[in-house]
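Naming follows writing order (A, B and C), and every chain is counted from residue 1.
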Amino acid sequence: MLTFVAIIVDALVYASWLFLVAVGLTLILGVMRVLNVAHGGFYSFGAYTAAWAIGVYFERGLPDAGSFLVLAAAAIAVGLTLGVLIERGLLRWMYDRDEVVIALITYAVFLILEDAVLLIWGVNPFFAYQPSTLLGNTDIATLPFPNYDLALVGLAVLIGGILWWALSFTRRGKFLLAVIHDREMSVFLGINVSRLFTITFIIGAILGALGGAVTAPIISVTPGIGVEVIVLAFAVVVIGGMGSIAGAAVGSLLVGLAHSAAVHLFPQIELFMIYLVMSLVLAFRPRGLFSQAQMRRI
Amino acid sequence: MAILEVKGLCKNFGSLVAASDINISVDDHEVVGIIGANGAGKTTFVNLVTGYLKPTRGTISFNGRNITSMPPRAIINSGISRSFQVPQVFGSATIFDNVLIALGIAHDGKFPIWRPLRRADLVVTTDQILERFGIAANRDHVANQVSQGVRKLMDIAMATVHRPRLLLLDEPTSGVSVEQKFEIMDVIMGALRSEKITVLFVEHDMDIIARYATRVVAFYDGTIIADGLPQQVIDDPHVRRYIIGEQLRLKAEA
Amino acid sequence: MAADRTIPYIAGALIVACVACPFVPSWVVFIGIVSLAKGLVVLGLLVLWRTGLVSFGQSLYYALGGYAVGLAYRYGGLTDVFVAVILAAVVAGAVAFVLGFLLAGYRDLFFAMLSLAFAMILYGVLVKSESLGSTDGFTIPVPTFAGLGPGEEIAQIMLFVFTAACILAACYATQRYLSSTAGHLTTAIRDNEIRVEYLGYSVKRAIHTKYVIAAILAGVGGALVSLSVGHIDPEMTYWTTAGEFVFVAILSGSASVAAPFVGSVLFELTRSYAMQYTPLTWHMVLGAALLLLIMFLPNGLWSLFGKSARVQ
């Protein structure tokens, strides 16, 4: 019974973390049809900036509660800066190219960002554990769980909810949905696709950085976390269906459950559980869980 | 002697009925014109017969064999072939290479790795095919860059490479300028006549139908509403009402 | 035709390299073996790329080749290069044959991710396996050559010659394959799958075959590298290794069977120098080089994406 509770709660926490990490990627992929490999770079920059900022913050002896705002501020700062730089400075000249070429461009940016992290912050690990201890623990069925982890679940639900509401109910959101379905047609309908792309990319970047920022307090921030995460994010996006936020949510839950069950019951396969899930999903739904219907071609 | 037998063919996409109870029997060497408004089910019919779609109900037999749920490549290898409304070609390759590849597949079949594709006998045959279809001048042009008419002719040429006994042409003259339509049909029919192929062709232009078809089948709303000699079908009141309009008078035969 | 001269040129270059071996420092010979062997993996990627597919999982077969050789030594005392390479080819080919049934149905990103998934599953298995040394892997001794057991330096030179022979054989075979009908069913499939099916040929079967060919090449490459380095570890199958192969494939372009080897040698040489002088910015240099390539020198890239490439 206890194991069951542990599995479920751990699954929710891991799923929330996965969702936060992957949602920015699927948003950019869905709207702009851009496979943003640099997403891993947003994550590590977000983590490093947050870790550094937390360090500085607590050195100044500022009030504990504000440290959470520091995390958010770090994410927004990183997302805005990198997002604007990359989209306005590089990507926007390349939209007419082949999709694979654009993916290669983002891959090149990722490589650059990886070393930029090394140059700015060096190779030693950062620790910024303070925010994760501030909230204390909660006992669920007599098992203690850090409230920080549970707050992650809340954050994931919040972000998912905001995105869903924004896409379905706001005018800008509906424009986004239109662009997802047919970019060319949207242009002809007068939607400012170019500006929409910039905004979407920035939001995606902020979300990616946020994933890193909220993770920083619970890991040791080292070079290479971007590399580990980018593959996981891609797997979730593929499982969920490209560009589907609901898909990312459901995919994260699936993987979260599988991963958690493996950790508790079959630790030997924990490392590659996500790839097993992905292979299984793709075997039955070749384009992911929530994929668009294909138009008749002949 | 029937080469193609279709019985009770139906196709539904969810609640959309694309084909409903289609019955048709085609004999060897017939040239059948298929007419009907857009969405009437003509292309769906071709897609069903050539295996691109699986019927919801009904059977299709070719030469006595049941081909109902076979995949396209099995149907092609049985002796049926088709051309496409939008020509399906290898865009980055030249006109010559497109036909050459088709020939290569036809000749090398199951073991296409022993001999080079660009060998003398295939090259000569390819040039002959291009000549027969009147596109020899475009030999070295890239398929994506030639005119629609040339692409259409090449598409049909590639469909004949297998020496099919039954050929379905989906709107062979659509997207082609008015003057060229008859030219192209002359070329196609001339090339096909020497092969003694049975032809079904989908066409919107009634003058083309009148000129080349020995029999006409009219589709409406997923089903066949008329089937017979061209003049009979064209005079049929339902056909006049739903497809060609009351005012149509055909151009005098050339 | 250009195709007629490629193989003789490759042969010539390889012979010159072999003759030069005794006169250059041994680290050069070593880099030569490793870069040429990795070029085999990239050659396999070339075949898939022409078909419009990117495999982000060739590292799976690269590692399988290495581990096949390693385990054959561990449990069977095998050190002979000839047997090692054949074993690696068979193992890689067999696994690819099985996985190919599933993979041949996917395209684009899904093909890439699924191939990556299999590579990472092997990684997970290897890392958790204590008997295989977990993340440290294990070592294998200097190889023997049909009974000959030379000292280490001579062995490296002999291994280089052996590698060169393998490369020549692979290039010749791949060249023949690519000029056959099946070989043209690469760009044809990339251009229009429906058309290929409607000409009577199975696209799935074609892709399955090419996937197995690429796997065999990668397996042999992995075996050769392991024999040269003398060490085998799970990093061989990590996705970043696969990513490197893809990177070199882009660098090389898909215009000729010689391209992957030229690209691979350039890449390994650059990496050695960069690691020595600017270890912290190696990736940045790579990324910048890739960007510049894409923006100003897309020739290599053009033939990959078929904008003006002609079917050979």
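Criterion: contacts are C-beta pairs under 8 Å (C-beta built on N, C-alpha and C of every residue); 3 or more make two chains touch, one makes a residue touch a chain.
Computed from a predicted structure; not experimentally measured.
Asks: Determine, using the mean of C-alpha atoms as each chain's centre, which chain is farthest from chain C.
Replies: B
Asks: Which chain is the middle one, judged by CA centres?
Replies: Taking the mean of all protein C-alpha atoms as reference, the closest chain is C.
Asks: Find the geometric centre of each of chain A and chain C from their Cα atoms only, then give the gap between the two centres in Å, rounded to an integer.
Replies: That pair's centroid distance is 32 Å.
Asks: How big is the gap, in whole Å, between where the Cα atoms of chain B centre and where those of chain C centre?
Replies: Centre separation, chain B to chain C: 44 Å.
Asks: Calculate how many whole Å lie between the centre of chain A and the centre of chain B, each centre taken as the average of the chain's C-alpha atoms.
Replies: So the centre of chain A lies 50 Å away from the centre of chain B.
Asks: Among the residues of chain C, which ones contact at least 2 other chains?
Replies: Correct list: 194, 307.
Asks: Two or more other chains touching the same residue: where does that happen in chain B?
Replies: Those would be 52, 88.
Asks: For chain A, jot down the residues that touch at least 2 other chains.
Replies: In chain A, residues 298 touch at least two other chains, as defined above.
Asks: Enumerate the contact residues on chain A facing chain C in the complex.
Replies: Result: residues 35, 90, 98, 100-101, 104-105, 107-112, 114-116, 118-119, 123, 227, 231, 234-235, 238, 242, 268-272, 275-276, 278-279, 282-283, 286-288, 297-298 of chain A touch chain C.
Asks: For chain C, which residues count as touching chain A in their complex?
Replies: Chain C reaches chain A through residues 54, 102, 105-106, 109-110, 113-114, 116-118, 120-121, 123-125, 127-128, 194, 239-240, 243, 250, 280-284, 286-288, 290-291, 294, 301, 305, 307.
Asks: Looking at the complex, which residues from chain B come into contact with chain C?
Replies: Spelled out, the residues of chain B in touch with chain C are 50, 52, 71-73, 76-77, 81-82, 88-94, 97, 101-102, 104-109, 112-118, 142, 158-159, 161-162.
Asks: Quick one: in the complex, what on chain C touches chain B?
Replies: Contact set of chain C toward chain B: 176-177, 179-185, 187-188, 191-192, 194-202, 306-311.
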